[in-house]
Structure formats: C-alpha cells, structure tokens
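First chain written, first letter: the chains are A, B, C, D and E, and each begins at residue 1.
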C-alpha cells in the first residue's frame, strides 16, 4: 500500500481540477460534472482515512456523499432543464438577466 | 513473481490515480460536452477501482452503481436533449479563466505540498474493522446503527429530490 | 493479495474458458433463435449452410468480420469507436462472478477444489448490477456519435427503458438477497441448497425479474429501441462490420447474464431439480439447462407477443413493476424479521 | 427615589406630546386643518404649562437628581426607565417646552401641505428631545437620542427647501454616525462597570461614581478611545468645527420651525452630552485632550463667524452664527470651572432663545416673499416697524449687549475661560467682535437701506406686511426670556450652582480646595488671582 | 440488534417535532391529489403542521444527546428551531395569495417548505459533521427547488441555477473539509472534535486547520459572507418573493446554527486559527454588503445586499463566541426575522399581481395612497437600520455589546460605521414613500393573511422594540436549559 499522503495529494489535485471546472467552464452541465469531481475527491479522502484509521465512519460518510451527489445532480439537471425550456441554452453566458 | 506482487501492490494505485487525473482533466477541458461525460464516466470507474484497492469493495460497487448507473446516465440524457445542436463550443471558458486557474493551481500546490509533508504514520497493519465479514456487512452494521439518523434524513432528502425534480420539469397545468 | 502461481494461472484459465463458452453460446443462440422462432412460426429457418443450417452462425460471423467498417462522416470518431467497447466489455465482465457450478477439482486435476466461478466476491450480485449499468453507455454513446436521427432516438429510448427497468430489476433481486442474507452469488445458491429454491417464496419477485430482464436486454416484446418500422435498427443503425458485431455480441451476452442471474437467484443455480438429485448430472449441466430454459423463454416471448407501445412500456415499468417489487421487498422483510 | 411632587411629572412632560400626537393621528382627519393646528398647539402649550411647576418645585439646594422615577425596563441588561433632572436639565427642559409651542405656533401659516403629519412629527420630536434631557439611564438616553432623528428627518425632508432630501439624509447620517460611536463608548463603559462592580447597569450616576476608578485603573488606551468616541459623538451634534458641515445644510433647508427646534434644542444635546457624560465620567482623559478640544472650539468660534460674515442668505448666516455661538459654549464647558460651565449653560439657553428667534425672524420674511437673500430686502424697518424692533432686540441679544441675555452668557463664559487660560478668552473675544459685525451688518442691510419698489408694492398688497397678532404672540415669550435673563439671571445661576459645582468637583476634585486656599490667602480680590493661578501651576 | 432498536426507540421522542413535520409535509404533498386548486386548505394544513411541531417542540426533553451522539437536543437548538418555525408560519401567510394570484400549485410548494424546515431542524440539532452535511443538503435542495418554483419565469430559473451551483460548490468544500478533519481527528462528532482537536500533534494540527478553513469557506457560502456572497443577490432577486423572504432568514438562521455549532463548539479550542480570517471576512462583508446595497434599484436586490451585511454583523457573534454573543446572535436573528419578513411582506403586497413594487421607485408616494402600509414599512426600515425603539436596534445593541465585551472594538466600529451607511439605502425606500413624487393613485387592499403577517411582524418589531424583556428572558432561560 502507498502512503496516505500520496493519496491526499492526489485527492487534492482532483479537487482542484473540479474547482477549476466549476470556475472556468461556461457550460452548466460541465460545471455540474466538475462538482462531481469535487465530491469524489472528498470521497477518496474519506475512504483513505477510513482505512488508515480502521474506522467505518469514513465509508459510511462516503455513501452519504454519493447520495447527496446524486441528489444534487438530479436537482441540478432539473433546474437546467427548466432553464433550457425557457432560454434554449445551457451556456451561463446567457444567464445575465439578474444583475445590479 | 515477487516483482509482479510489488508492482501490483505499489504501482497499481499510482497508475489508477494517474489515469483518474487524466480523465478528470478531460472532463474539464473537453471541447465537446459528450467527451466530458465520457471522461467523467471513466473517472468514476477509475475511482471505483481505487476504492477497490483500498479495501472498500462495497463502496466501489456503490460508486459504480450510483455514478455509472445513475448520475452519468442523467448527464448523458440531459446532454443529448439539451446541447446537441448548440454551438456550445464558441466560448468554452470564462473571461477570467487564467486568473481562476492560477489561483486554484496555487492553492492546490500549496495544500498538496502541505499534505505531502503530513506525519500520518505508517499504514495500519490490520484493517480488521473495515473488512470484518466483508466490507458490506461492516458498512451496513455501522450505517444502520450509529448512522441511522442521517440515513433517515437521507431518505427524506431523496424524497425531496424526487418531488423537486418533478416540480421543476413537469409541464405546468394552467387553470 | 496473494500473487502466487496458482492464483494467477487458475483464474486466467477460467477466464479463457468462460470467454470461449460465451462466444460459443452466442453462436448457438443466434442459430437457436432462428430455428426456434422458425419452428414456432411453422417454417424451417436456415437450412443451407451445413446440415440443417448448423453452420449458419459461422457464416454470419465470417460475413460480419469481413464487411467494410463504415464510419459516418459526421460521426464523433472517438465516441463512435468507444461505444461498442463500452457495450461489450461490461457484458463480459459480469461473467466474472457467475458461479457455473459448485466447487470442483476439475476431475482431480487440482489439489484443492476451486470455485466454478472466476472469482467469488462477497458482493457478487452488487458487482453484476454495477458493471452491467455501465453497458448502457455503449448504447447511448453509440446512438449519439452516429450523428443521425434514428440512432439517437433509438439510443434515448433504449437507455430510458434500461434505466427505468433497472430499478424494478434490482428491487426484485432484493427479496432473495434478504432471504439468503448475502450478496455473494455462491452464497445465494448455498442458501437455496439449505431451503427451497427462491422461486417459491419469491414468486412475484421472479415474475417481475423476468419481465424486467427482458426489458433490460431490449428484447421483444420490449424491443422498442430497435423497432424497425419506426427507428430502422435503433442505436446501431449506422454501425456495421466488427463494431456491429460487438453490439450484437453484447446483446446476447447480456441475455445470457440475466438468465444466469435468474438461474442463480431464483432457480437454485447449479443445484439439481429437487427430486432429480439421484441422476448425478454434473452441476454445470444443471446450470446450463436452467440458463437454456431462460434463453428459450426469451425466444418464446419474441415469437409470441406483439411489441408494446413506448408510453405503455414506461408506464408499466414505473406504475406496476416498481410498486409490486417494493411490496414484495416489504413483505419479505417482514417475514424475515 | 426623590420626587417631591409624588406623581410622575417628568414622564408626563415627556410623553404628553406623544399622547397628543397619537390622538391627533387617530382622531383627526387630514382635512381638519384648523383642528389639527389648534390641538397640536394646545398639546404643546399644556406641555409647557406642565413643565412650569418643575421650576418652582425644584430645590436648588442640592446637586442631586430630582423628580426621579425608575422602573425596570430590561432587567436582564440592567436597563431601567429612570428619569430625573438636575438644574442643568431643568433649564433645557423649560427651553424645550417653550420652543415647542412657539415652533408650532409659528408654523400655522408656513405649512400648507400634509399638515397632520407635520404636527404629529413635531410633537413626537418634542418627546424625543425631552427624553434626552430627562433620561437618567444611558440606554434610555441613547434611545431618545436616536428616536428624535426620525421626525427631524421628515421635517427637513418633507417640508424643507429645494435641497431638502440631501440635507435631511446628511443630517441623519452625520448624527447617526456620531451616536453609534457614542454607543460603542456606552457599551464599553457598561461592560467595564460590570467587570469592576459586578452589576449590570446603565445608570448614569453609577458611572459618575465609577469615574475615579476608571481614571485610576482603566487602561490609558481604553480611556482615550472612549473619550474620543464620546467627543466625536457629541461634537457632531453640537456641532464643533470639523464636524459642522451638516448644520448649514440642515438649517437652511429645514422649515422655519424645524430650524428653530434644531438650533434651539437639538444642538444643545451635544453640549448637554459633554456636560453630563464626558466630563464627569472621563475627567482625566478629557483633560489630556483638552487643548485640542479647546482649539477646535475656538476655531469654531472664529470660523463660524467669518463664514457668517460672507453669507448672502440670511438663514445661512444665522446657521453659521450658531456654529460660532456653540463654539463659545464649548469653550465654556472646557474651561472646567464653575464660571465657564455656568456660562455655557446659560449661553445654551440664550442661544436657544435668540437664535430661535432669529430663525423665526428669517422665517417671517421668507413666508412673505419666499426668498432669504439679503440683497432682496432693505429698508424693511420702514414698512415693518414691529418686526424691526424685535429683530433689533434679537440681534443685540445675539451679539451680547449688556442688559440682554447674550451678555450674561458670554461674559460668564469668557470669565471662566480667562480663569482657565487667559489666552483662550482673548482669542474667543475676537470671535465675538466678528459676531457683532456680521449681525449688525445683516441688520443694516435688511432694515436700513433703501426700500426697493418691489417690496413697497408687496407691502401694499398686504403680502410683505408687518407682524400679526399670532406672530407677536410667539415672539413675546422669547423677548421676555431675553430680558429676564439679561436683567435678572440670579435664579438661573442659583439653579445651576450646585449641579455645576458638583460637576467641577468631579472633573477637578481639588478645584474648590485650591480656590479656597487662594481665597484664604487673598480675601480681597479674587480677580487678581486669576492671573496668579498661572504662577501656582 | 434489539439493543440498537431499543436505543433508537428511546431516542425517538427527541425528534418528535421533526417526525410531525415530515408527516405533515407528506400529507400536504398528497394535497396535490385531493386539493389541487385549494390553496387555502393546503396552507391551513401547513400551518397546522407547523403549530403541531411547535407544540411538540416545547415538549422535547432538552440537554440530551441521542441517536448515538449524532443528535443533540438543547436550548440552543430549540431557539433556532423556534425561529425557523416562526419564519415558516409567516412565509405560509405571505405566500398563499402570491401563489394563488400566479396560479402555481401550492401543495408542492408548501411541502417543500416543510421539508426544508425539517432540514433546518436537523441542522440546528446536528451534533456530527455528517448529520450537519446531510441535513444541510436537505434544506438546501428544498430551497433550490423553491427558488426555481416559478419555472416559466426566466429570472426564477436563473436564480435557482446560480443558487444551486454555488450551493453545491460550497457543499463540495464542506465535505472536503469534513473529510480532512475526519482524517486528522478520527471522528466527526462535534463534542469529540472539541475535546480532541487541541491535542493533535503539530503536523496533524495544521492538517485539521486546513480542514477547518475549507469548512469556513463552505459555511461562508451558505451564510453569504463576503467573497462567497455572489449568489445571494441574484438568487434573492430572481426567486419568488415569498421564497426570498424565507431564504433570507430561515436558511440563514440554520446555517448560522451549524456555523456556531461547528466553529464555536467544535473548533472553539483552536479559535485562533480561524478568528483572524473570519474577522477579515466579516469586515469585508459588512463593508461590501452595505456599500453595494446603496446603488441598487431593485428592492429585493437591495434587501439581498442588506442581508449580506446583516450576515456580516451576525458573524461578529461567531467571532466573539461567548455564550452571551451566541444569545445575542439568536436575538438578532429573531429581530431580523421580524423586520425582514415584514419588509418582504410589503414588497409582496405591492407586487402581488403584476410585479409592480419590486423597484424602489415603485414605492413612490405610498405614504399618500396607503399611509398605514407606508408607516409600517417605515418601521421595518428603521428597524433594519437599527434605529430605536425597534427590535432591530435591540438586536444590534445586544450583538455589538457582546462583541465589545469580547474586545472586538475594531469590528464593532466597522459594524457601526457600516450600519450608519446602511441607513442611507434603507431610507431611500422611506424617501420614495414619503418624499417621492406622487404616482397615479393606486391603493392596495390587503387580504386577511397579509394583514395577519404585516400585523404580526410590525407588532413584533415595535412592541418588542419597546419592551423586549419577555423575549430576552425567553432566550436567556431557554439557552441555559
């Protein structure tokens, strides 16, 4: 098995990629996908620590995170669908009706 | 043979991690959203592989079921419905891409360096708890005893998601 | 992990065997399909190639492999190539945990008895479900990457159908899991060895499973996605040659998988039919017979029933099968408790 | 509890206007213009009458709070509804009630739209101001201090001049900014008090008693910060020199009655705050900053006067004169001796009377001709003789002519300032000279030059007419007050004597001992020792 | 097995209010079948549920930890729950006619409202990062849907999307931070974290601190603190106004509950790791929120920025972290619930039909056409600006007092200075109402439910502002229990 720290660095980078995706992409769907990457990074942490600490809480936590990830995707896609119905696009460039 | 053993136990995870990062980058930087989805699918499968290597078979299976069987299908559906003939490739990135990239890269590097230096001690010799009776049973034992409350909340959460998704997407019946 | 010689070689051998068996079964299935349906429709079926047309599948295979591989100009190449792979790999991977029989020493060849499954995870059933859920991307992406209307519609339909029916299918399997108290395929069979076959206490579950399995594999009467009259050939309209063969293989492999699961979960796997144990038929033959029985049902259904309408199909899935499966779980859980 | 009257007279005085306002708001319709005016006047006048007994029942023999009432308000915080007055507040309350009904009387004709709201707001304002002077609880004080801003905002904002919106919000923001600083200081003291005594209280007397302890034990920075917070809070209200910029805007844009109240009462709250809170609670820290404070006060005197000199607008001129006069008051306060403080308080009253009257005077011509430009007038004495007389009186009062009230205040302040540091008095006197200059010049330009034909015409038409009965009626009390203070100020000084002496003792505990020694040594001429004091130091 | 069941059964009374809410919500949801068009009936059902939950709430034993330590029932959580319930009741009142006028189904809306309240209840009581996370999501997802409830309306869609994407983003941070803390400390229980965090060895301590900072970012998003606030104005402006009213108070209250729970209780012993950062964030929030609010033309947007600013004030309570500060924060939230919902109620009343009334200019001359309504709005604006004698003043007084008591002079000075600046934009509304040009005569008639809301909030704002003792005592005694 490889050291925990290597896994952590890996998950940190994965998380970073996810954050980047949310920040820089203009396509709502890809933003949503990047969110999933973030969640997965956290999950990897949890699993790694569950093994390191020999405690199951991490794995249980990970299951809940997946549950939440699925929920968020479902709702997110529903919102995007509603948006698409009205605006015919999923590019966030066109989300500019609200500003002050 | 010994070489193979050490190869598997040592480098397999690195290979998986490397591939995961590659596909993750693919998710973010693909021009075509469908390619992103494919990359995401591969990422999820690879992550499931990582879980498998970390004695979390159950989580790995759930990962595949939830992501491959559920989430990404939704994504693909949405993509096929929504972004098919759109010229989405006109402007892929935000105007402040470089700034964001720099910022995130900086943070990630700093944190990664910090993490790298963490004194986490040696890996545990035995992981009795989490593989007791196969990880499924152990996870279930914890999930349905200690974490029964979040479990119930999660059930409400899923109900809300169902209601919400229907509310948001159903055609409005005008009176 | 213990990487010793024996632990590497034996699985490899097993994998090769299973792979060969599947390919063979697919060949047999294509032949059987034509023949069975032909007989049901009171005609002869293929008769030209070989005696009684027995070599027909081989001829078909040769034809497929030698055909030109057409790639539509507007297709998304990467995804177009990826899709058949995504369809076939999971289909084969699922066989990893299917126990074809009890432990065996292969007629004394091995010192220690080894399982007739390639591997026996303790989450076997979950593993199958997880892996098979990846298969859908082959269809979806294949339909999308062809960049053509009919394949896309077909893909969407079939994906929607598969996703919808995966829910009651999984739910139908929960009842037996509760009874067996394990997710391991082997464990489930062993649980049935102690008591009765789960088809008895889980009869409704079995029916739901059967119906959903047919829908899962996009077979008649749930073969909407490839309804020729509406959608030409569904998601693989644009595919030809080798890639088409992959889809074709995947479909039949899937049929075999669901049949195998049904066999393991509901019909006692390799166990002999109660009362016929004295025959001393090897376990693997029992297994093959049962799987064959299910495959026959597939063909039978195709020959007998007309195709559903799409909205009816979805309705029956969500509004009938899921509630029934849920009630089934509920009752089972109460009884187990 | 110390209340000779046995019934809650202060509460009555404070909340009578509110009661009236509520009744008017509820029972009178917008259209009943007369009823609204008269009932508002009646309420204010009754309020004045109710406040008069305070004067008679006040016992000047003690510095202690009188007419006290106390009820629990928020026990968990130690906040009480505690009111009570000493001589200082007594005078200010009387001034408030007096100006209150005068202001209402003066608006009968000037205000033509949204009358109901106007009078309701005036009455509410009255309560707010009174509350500030009677509050014996810091919290209560703060509440009233802030409450009063809202009606004033509306008075300026609705019935004001052309730039009313700007002026109103500026006034509000400035004052609020000051008051929140004050709040920080109050809270800091509150917690400090709890730390020291273990009691949660906002009682002002309790803080007064804590003062020596604070001076001795509290951290220097703590003391300085609180002092500065209080200083800025009150200085904005006064307004002292660099914080005065809201004042000309607010005064100029406010309706006449608003200006009267603003100048007459609101500004006094700042000085009152200095006297009541800053000096007794933080004497040592105040003394540290004293030179700067005095510097600002003196700059205010001169700057106000100089700016007033160049104004073309009568109201602006009077407004800037307020800056100058209040600077003088502050000088008196910061002299930190009985003379200075007595004078400052008397001068506060004087300023209320005379500047209030001057605003009314400006308001009268504005009401008639709708301009305040000095150049538009001239020779008014010929067509408006009574007006000219009253104007004259008030001008003289303002510049401090002996026999009129202004003289008493200014003289006492200068005496106090001289006693403290002669140079202060000398510089301040120059400001007074300037004061005489701009007031008299104003009077000359408005009253004596040639009457323009237009004005004569207007006079003939009855537009630019002389004062009518109502107007004379509301000038009369002010004129009487001016003469009273000017000719017989003794009762005022008597009322102020004990509280002010007590205050001085709090600020300079050895002041009277020191004075006593001097008196003992030189029984004949205390004046000589004013100069000698410097040698002692 | 049976042992576990008995323990769960023994703990069930603790979550009785939540159970009632869930059942009620489900009943309301089924209202979509039997009372599709009967908004009133559904609203009545919702109210009954809320009241029943309130009654049950006061019967819940306090000071207990249940469900294997994941749920904590104490005075602190009770107070937050009361606030949330109270806001819920008010929002039911104000949304009835609004929904009816626009022809949207009420059943799903109220069901989602109740579900989100369930989420907030669990948030208030959560004693474990996992419970916090999952209940936070329950609350958040319900609110995302509510924000996008007017699905035909592009603004609502857009608001919902923006709110969603940043909410989910912050969830990602939360969970990543939680995973780091789990790794460093080995537990996710709040009480155990509090005990263990200070004793971590140096390196691991740094690691845990990074986790804490991640969570700070996440909770900063949820409470709309400065660099993480961008979602708030858009979401507030685009959402249906009752939802805006709701989300400006209730989710914020719940988010602050977990903010306190996590940062003051769990990480209270390592407060010097995060206090400086949060202080900077708080200062920036107050400044940014208040000064950006000044140039808003849309009143919902203006109130959104004001709510950012108020969140900045409230974060003082977290920074101070004393029991007194926490009580003050709760009081502030109560105050905020009165005045902000009241203000939104008036915006709703004005814009019930045609969206007229969402611009500040639309308030022009309201004092002439509806003097009483204008007067009440004036009270709310005064209260928001913190002018006595209103409840908003007491809220600020208490909060800043507690902060001063903890020695946060700089922060309080900034808070006060910015709250003076806030007066400017609150008074733009007042200015429009009283000093603005008269528009065409347009009187608004109030329905019963609107009257009730306006009365309740105005009553609370004024009367509590004049005699706050009962409220103070209630908070004080409950907090100690």
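Operating definition for what follows: a contact is a pair of C-beta atoms (placed from the backbone, for glycine too) under 8 Å apart; a residue touches a chain by one contact, two chains touch by 3 or more.
Small disclaimer: the values here were computed from a predicted structure and weren't measured.
Considering every other chain in turn, the ones in contact with both subunit C and subunit E prove to be B. In this view the innermost chain, defined by its CA centroid being closest to the centroid of all protein CA atoms, is E. Using the average of C-alpha coordinates as each chain's centre, C ends up farthest from subunit D. Averaged C-alpha coordinates give centres for subunit A and subunit C that are 33 Å from one another. As a whole-number value, the distance joining the C-alpha centres of subunit D and subunit E reads 44 Å.
Centroids of subunit A and subunit E (each the mean of its C-alpha atoms) stand 25 Å apart. Distance from the subunit B centre to the subunit C centre is 28 Å, each centre being the mean of its Cα atoms.
Multi-chain contact residues of subunit C, defined as those touching 2 or more other chains: none present. For subunit D, the set of residues that touch two or more other chains is empty. Counting partner chains per residue, subunit A has residues 4, 8, 15, 18-19, 32, 43, 48, 52-53, 55, 57, 60, 64, 67-68, 71, 75, 78-80, 82 touching two or more of them.
Pairwise chain contacts in this structure: A-B, A-E, B-C, B-E, D-E.
Those residues of subunit B whose C-beta lies close enough to touch subunit A in the complex are 9-10, 13-14, 17, 20-21, 24-25, 27-28, 30, 33, 36-37, 40, 43-44, 47, 50-51, 54-56, 58-59, 62-63, 66-67, 70-71, 74-75, 78-79, 81-83, 86, 88, 91-94, 96-97, 100-101, 104-105, 107-108, 111-112, 115-118, 120, 123-124, 126-130, 135, 138-139, 141-143, 146-147, 150, 154, 157-158, 160-162, 164-165, 168-169.
Contact residues of subunit B toward subunit E in the complex are 111, 114-115, 117-120, 144-150, 153-154, 156-157, 159-161, 163-164, 167-169, 172, 174-175. On the side of subunit B, the complex with subunit C involves touching residues 1, 4-5, 8-9, 32, 34-35, 38, 41, 45, 48, 57-58, 60-65, 68-70, 72-73, 76-77, 80-81, 84, 134, 136.
Residues of subunit C touching subunit B in their complex: 1, 3-5, 76, 78-79, 82, 121-123, 126-127, 129-131, 133-134, 136-137, 140-141, 144-145, 152, 155-156, 159-160, 163, 166, 183.
Residues of subunit E that touch subunit A in their complex: 130, 133-134, 137, 141, 144-145, 148, 151-155, 157-162, 164-165, 168-169, 171-173, 175-176, 178-180, 182-183, 186-188, 233-234, 237-238, 292, 295-298, 301.
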